[in-house]
Amino acid sequence: MQELLSKVTDKCFKKCISSPGTSLGSSDQKCIAMCMDRYMDSFNLVSKAYSERLR
Amino acid sequence: MQELLSKVTDKCFKKCISSPGTSLGSSDQKCIAMCMDRYMDSFNLVSKAYSERLR
Amino acid sequence: MQELLSKVTDKCFKKCISSPGTSLGSSDQKCIAMCMDRYMDSFNLVSKAYSERLR
Amino acid sequence: TEKQKFQNIIHELNEKCWDTCMDKPSNKLDSRTESCLKNCVSRFLDANILITERLEKKATEMLNNHDSMSLE
Amino acid sequence: TEKQKFQNIIHELNEKCWDTCMDKPSNKLDSRTESCLKNCVSRFLDANILITERLEKKATEMLNNHDSMSLE
Amino acid sequence: TEKQKFQNIIHELNEKCWDTCMDKPSNKLDSRTESCLKNCVSRFLDANILITERLEKKATEMLNNHDSMSLE
């Protein structure tokens, strides 16, 4: 969980906040929320694909 | 050896497979083989250059 | 200190020496010196900003 | 140690914000880069809080729906 | 532990394939990104196998030619 | 061990210089890439020496001025 938190923060900060402003605007927040959901989708998909290949 | 395997895979995957398809085509395979040989050339050359500077 | 040395070398080599030549020219040296000073400025500033947020 | 842990966080944060904010290094830290670095630290912490809360919410939902739904 | 090792591989693989496949995050994982992620995992494992085999072959050759040739 | 430490340095240095010098891999290491790799190692070590010296000088200055100036 700690690992996931750190990776999501790293990846989604890069994707969503290219030039940091004085506050986290609502579009930044939306981007971060979506990015986090997609990162977890990706993690599940990669996990499944890897397990299937191992069989 | 484990370290070399992991670095070669990382670097050569990035160099040779920018958009992964449904199989590893022959040109991808050729690129990976060449990339691996060059990575080992580079490793030997860097190792030699570093040793010479230390002397 | 060891960590700082390794990070400064990494970041400033990338910023200042994009195509390595046969010697470290005076402009490269100047760039590296400035880059190192700015990296330490940045470290102090980030450290201060982080401490202030924690309060 | 605590101090070491703090130093590690600063090193990592400084690396990220340096990559985000620093263009070519010059004689002095200009005000634009300075603002960018300060904002970068604050926005990174904001993002971290947002993600932590959302992650906890999702973990709780998963636990609650454990019987009726699969993880997927 | 075994489970921890598996998790670490997935974290690393996911990071690589995220960087390769994900453009701007949207409301849903679109089918193009989904295919890309699946293919990315498979191609990465293919590449890993190819490189492992070639590395073993080279190591064997080196051992066999040990007397007549230098490593260089 | 010493040998392991040496290997780790070479692995790291090779990664950096590969990223700096290698374009698309070809049948042979061409002379331009070869020069770039050799120069990359030497320049990296030059830069490392320059930074180490400067860092030591700064650390000494800080210690000497400890009473009259704050670290900022």
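Some notes on this structure:
As written, the chain order gives the labels A, B, C, D, E and F, with residue 1 at the start of each chain.
Simple rule for what comes next: a contact is a pair of C-beta atoms (placed from the backbone, for glycine too) under 8 Å apart; a residue touches a chain by one contact, two chains touch by 3 or more.
Everything quoted here is computed from the prediction, not taken from an experiment.
Ranked by distance of CA centroids from chain A, the top chain is F. At the far end from chain D, in terms of centres built from Cα atoms, lies B. Annotation: 12 Å between the Cα-based centres of chain C and chain F.
Separation between the centroids of chain B and chain F, computed from CA atoms only, is 21 Å.
Here the spacing of chain D and chain E, counted between their Cα centres, is 28 Å. Annotation for chain B: residues touching 2 or more other chains are 4, 12, 16. The multi-chain contact residues of chain F, meaning those touching 2 or more other chains, are 21, 40, 42. Taken as a graph of touching chains, this assembly is arranged as a ring, one closed cycle with exactly two partners per chain. Listing every chain once round the ring, from chain C with chain F next, yields C, F, B, E, A, D. Chain F contributes residues 7-11, 13-15, 17-18, 21-22, 24-27, 29, 34, 37-38, 40-42, 45 to its touches with chain B in the complex.
Residues 3-4, 7, 11-12, 15-16, 31, 34-35, 37-39, 41-43, 45-47, 49-50, 53 of chain B touch chain F in their complex. Interface residues of chain A facing chain D in the complex, by the touch rule stated above, are 1, 4-5, 8-10, 12-13, 16-24, 28-29, 32-33, 36, 40, 44.
On the side of chain F, the complex with chain C involves touching residues 16, 20-21, 36, 39-40, 42-44, 46-48, 50-52, 54-55, 58-59, 71-72.
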